[in-house]
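Supplied in structure tokens, the structure appears directly below.
Each chain gets a letter, A, B, C and D, in the order it is written, and its residues are counted from 1.
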Amino acid sequence: MRIAMVGLGRMGANMVRRIMRAGHECVVFDRSPEAVAALAAEGARGTGSLEELVLALPAPRAVWLMLPAAVTGQAAESLFGLLEAGDVVIDGGNSYYRDDVDRAQAARERGIHYVDAGTSGGVWGLERGYCLMVGGDDEAVKLVEPVLVALAPGIGAAGRTPGRTGGPSPAEQGWLHCGPPGAGHFVKMVHNGIEYAIMAAYAEGLSVIREAGAGRHRREADAETAPLREPQYYQYDGIDLAEVAEVWRRGSVIGSWLLDLTAAALHADPRLDRFAGRVSDSGEGRWTGVAAIEEGVPAPVLTAALYSRFASQGAAAFAGKVQSAQRKGFGGHEEKD
Amino acid sequence: MRIAMVGLGRMGANMVRRIMRAGHECVVFDRSPEAVAALAAEGARGTGSLEELVLALPAPRAVWLMLPAAVTGQAAESLFGLLEAGDVVIDGGNSYYRDDVDRAQAARERGIHYVDAGTSGGVWGLERGYCLMVGGDDEAVKLVEPVLVALAPGIGAAGRTPGRTGGPSPAEQGWLHCGPPGAGHFVKMVHNGIEYAIMAAYAEGLSVIREAGAGRHRREADAETAPLREPQYYQYDGIDLAEVAEVWRRGSVIGSWLLDLTAAALHADPRLDRFAGRVSDSGEGRWTGVAAIEEGVPAPVLTAALYSRFASQGAAAFAGKVQSAQRKGFGGHEEKD
Amino acid sequence: MRIAMVGLGRMGANMVRRIMRAGHECVVFDRSPEAVAALAAEGARGTGSLEELVLALPAPRAVWLMLPAAVTGQAAESLFGLLEAGDVVIDGGNSYYRDDVDRAQAARERGIHYVDAGTSGGVWGLERGYCLMVGGDDEAVKLVEPVLVALAPGIGAAGRTPGRTGGPSPAEQGWLHCGPPGAGHFVKMVHNGIEYAIMAAYAEGLSVIREAGAGRHRREADAETAPLREPQYYQYDGIDLAEVAEVWRRGSVIGSWLLDLTAAALHADPRLDRFAGRVSDSGEGRWTGVAAIEEGVPAPVLTAALYSRFASQGAAAFAGKVQSAQRKGFGGHEEKD
Amino acid sequence: MRIAMVGLGRMGANMVRRIMRAGHECVVFDRSPEAVAALAAEGARGTGSLEELVLALPAPRAVWLMLPAAVTGQAAESLFGLLEAGDVVIDGGNSYYRDDVDRAQAARERGIHYVDAGTSGGVWGLERGYCLMVGGDDEAVKLVEPVLVALAPGIGAAGRTPGRTGGPSPAEQGWLHCGPPGAGHFVKMVHNGIEYAIMAAYAEGLSVIREAGAGRHRREADAETAPLREPQYYQYDGIDLAEVAEVWRRGSVIGSWLLDLTAAALHADPRLDRFAGRVSDSGEGRWTGVAAIEEGVPAPVLTAALYSRFASQGAAAFAGKVQSAQRKGFGGHEEKD
């Protein structure tokens, strides 16, 4: 099939490549002419505007948006004005699923289909394929299915789950029609919420191992500070974290792709000195927390990971000041350096 | 009665004063001769060594230790060698209750009583009295009861709890015999665990109010960062935190002494600029967490407060580095400043 | 002044009484004629409809809504149709501050003032006064100030914060104009978020003390279960929790009104057998969590308390099933009873 | 080589099989004669007592203990009496690393080597191999290396980490000498702490998806309960969790072996009705929490997972009662069913 891709950043460009490798045609647009030219050189049909892009598509048209969440709404709005009833807009970016719900409603009023495709795979997707979590009406999802199949990793990407028989379901190929518009990004949102927690789980555990020699380093003993009661149990200085991550990759219960990446990072830079420890968050982790709270579902692990990111960004400083001030108030304690 | 006080720091010195005000005699010792001289000038009997101190007491002797946890064990051990069967050692410092259990056992083998007295009140205790949580055998607690009564705030420190009748219980006077040796510091330990959480509760809440104008400050919008979806609900710049803390002191459900201190701190320094936000912990919060875990009792609120202190001390940095490295690994993301 | 009160439940009725005690006139309405009659018997002017209520007020009219959050919007909407430019609607219920923002906008379009008054004090407010956190424009707040002063606890409700001088600020009297519409309920929302955490802090701490005899109760020792390593440190069966809560009320750092209530509850029913442990939440705690997340402010303590409530309501059951299924999957473990 | 295995439960028996498959000889003992007979039928040399077992080994002897943590100490003690200087005891069970530290000290006094081997792999180990985290002195680890190699999954169990060159390190084969005695179980302990958190991360996330239709189910609207403000965003009833877990297995960032198991469990029993949601914990998660606290390293994610397990076991009930009692105290609220 022929599909259009708007937004040729890291993700979008590689998705175009993967779609073309599967034999489909891609019409592309980006505000950067260089990005368009690069893909045109690889066989895509480059265009200079959304209008031109739309004209290059046969009806029913399918336009995939791969843009920052902050500008997706505007682009979708523009497209709604250019497309016709029966066309499909697919939002593959990191949109908040609520925006999908609203935009799908706006599209529906014009007879346009709106599909949201939560996309995981990062910089590895070109090679590994993209895990796609899709929301939308059946008709629209059916229409773009060839592209979903092309982008997805395929059945071979993982062993078959015991008990599954018959032809492979879409999920077994790496894409899933989760529900009505927004459902794809909802599932992707939670996926990222889980991701934050798994990342933090490894990070915290490795930190505990890193400090396993705490008993060798005398804590200051003053009226405020308690000594470690049994220092003999904290004598493991210098456990090799890169090797620990590596050994966990084989046969352990906690093997995972994130562990693979962690092992690689620690092997390349054992102390991770090139990082300051300031962990960004991109929205989905926040929204997962909000959803958990609004649904009344406890998500203490997911939310703890999120808050740790906030704190790593410096956002806990004022709370610390308040507590230091309280300590000063009741105990006369000065802050330590 | 006559009692000895060893350790004349902030806490010990004021406790001597409060005991003397109640008409008791105090024999005092500190490794600092100046500290001894200062209290001798106020009517205490100063001594130059533990030996001298013990000689100045009538049998059965009562010696109160008010020392940093790190040196209490040594002092107790020395005293056990100087005292006689029937004497009492009281540990009023911030000891780990497990050390009390062990030391009480060592004392018992010599016929010496061991009492642990968890003491809350901080720099305000001289004026307000000290809340005392006491462990030990009945005989020993009976022996030191006059001093406990002198140190405790007394019945007037709080209104009577509805439903209580008859003569006031010791708890109503501000001291409690909680159980066998160690029970006092166990209850005090949990008291401090609770304290950490209450402090953090106010600190977090005030931080949320402080950022209530987040919708006015444009978040960077790039592929990684999601914009605030409804900025119109975060337009409250500059809510006066000192006034907020003040209004909560009257009639609200969250009135407390810690809130009083918070209100005072914010009134004196609305932005708390004199603090960096590095919150120390003195042991009890840690031990409370350990006890919760070993008992199998969930304490997510108490432990979250503890971990926030650790993070404020910089101990989350490596975990942050690991997560930044993972993000770099799967998404090619560079750390932001 | 003369003010109208709509909603004569537990809170509303007592507020009417407190307003009348201060010498003001109250016009009242409730969908329950009995509730209206009861207050009419105490001197209020009862009415049978919102229309009648509005007619009984002099311009500029002030109508205070004290209704469940779920029906406040409808009532406000009805009032907007009955009132005139310059009148004031005050929402004193548990509204989400975002609804205030929206309703204030709707009111503004008709020239009507909208004031939100977060109200703390519960069933004790009649006697203790209500802590009032107020949002709205200056003109409207000025108009209802006499009633705010009447409802608030007054300066005597707490000792003066050190360093404050001059005439008492409104906050020192127990009410505060926090900012524009919604700011009152925003501050009240956070107040409740803090309240949840303080409640949980005491609850968790008391639970840790309650299980301090864990070393006496042999844990089953099988391949899955580890024995308690040092049972000698968990021998404190039967520490009297009511006395512990009582002693903390005097001189300790964690004295508070919530502790007073806890002490009373434990004195009346030491094992709290009349409760099942299912803790309701009324919205504000949720919204505080959402605000923290959307602002990017870590609130691990507040949120942990919220999630514990969710779990107490049974909402963690499915997550438990998933984990039991995982354990079965990798270890063959059957669930224990 | 010839090695002895004591303890032929689920884990021990399969480890014997895997060792024998690699061409080594196994001498076995278990308190159950049937377990011994079963392995003898497969080629192991069965024995009827520890004495007999020791006699069947050539010096230097190597005895691997695969016993519940609660009885490992006793068995090690017995072996220390039967073995000679230069022999090696390997503890492969779920021991607390602190017991290893103490037991290694006791062994060292007799010239016996003590090796601790944290073992992950569960019921799948026979087929997949066991991930082995080992502590002990170099000489002893060298001695048992052939068996470690036999048990470990081998280099083929995972792709090579980018950047690694040369001959495979032990970690790349699935076993690691982490440090002195206890270091193996320390690393294994943290491994399990991470495992708890990853399990909980998936469990919480799936729960959030499961309740994505919350907006369709009317929450009761009374004075206490706030309605869901934007129910239109919670309309996703019935997202197929088994398919979601399945799709995440391919190309997503959160692919892992635990996810594979989760997908299998959900496919077999979509509602997981056979489980009640009571999640056991076996010690390591607790000890990880204790280590984090004693080291001063924040581990909010790991600990939140642990506490959720405690709560699933019913251990939060009293804390819930306290909070319900407090709510009754300040608001007159009765508990809801």
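The rule we apply is simple: a residue touches a chain if its C-beta (ideal position, glycine included) is under 8 Å from a C-beta of that chain, and two chains touch if they have at least 3 such contacts.
None of the values given here were measured: they were computed from a predicted structure.
Student: Going by the contact rule set out at the top, which chains touch both subunit A and subunit B?
Tutor: C, D
Student: Taking each chain's centre as the mean of its C-alpha atoms, which one ends up farthest from the centre of subunit B?
Tutor: So the farthest one, by centre of C-alpha atoms, is A.
Student: Quick one: report the Å distance separating subunit A from subunit C, using the average Cα coordinate of each chain.
Tutor: Using C-alpha averages as centres, the distance is 37 Å.
Student: Measuring centre to centre with CA averages, how many angstrom lie between subunit A and subunit D?
Tutor: Computed from C-alpha means, the inter-chain centre distance equals 28 Å.
Student: Averaged over CA atoms, how far is the centre of subunit C from the centre of subunit D? Could you give it in whole Å?
Tutor: Inter-chain centre distance comes to 43 Å.
Student: So which bits of subunit C are touching at least two other chains?
Tutor: Answer for subunit C, listing residues that touch two or more other chains: 98, 122, 200, 202, 204, 206-207, 210, 229, 253, 257-258, 264, 286, 294, 296-300, 304, 307-308, 311, 315-316, 319, 330.
Student: Going by the contact rule set out above, which residues of subunit A touch subunit B in the complex?
Tutor: By the definition above, subunit A touches subunit B via 9-11, 68-71, 93-94, 96, 98-99, 122-124, 199-200, 202-204, 206-207, 210, 221-227, 229, 257-258, 261-262, 264-266, 269, 272, 275-280, 282-284, 286-287, 300, 304, 308-309, 311-312, 315-333, 335-337.
Student: Give every residue of subunit B touching subunit C within the complex, in rising order.
Tutor: Residue list for subunit B touching subunit C: 97-98, 101, 120-122, 125, 128-133, 152-155, 157-159, 161-164, 169-176, 178-180, 182-183, 186-187, 190-195, 197-198, 200-202, 204-212, 214, 228-230, 232-236, 238-240, 243-244, 246-260, 263-264, 267-268, 288, 291-292, 294-302, 304-305, 307-308.
Student: In their complex, what parts of subunit C are in touch with subunit A?
Tutor: Residue positions touching the partner: 253, 281, 286, 289-290, 293-294, 296-300, 303-304, 306-308, 310-311, 313, 315-316, 319, 330.
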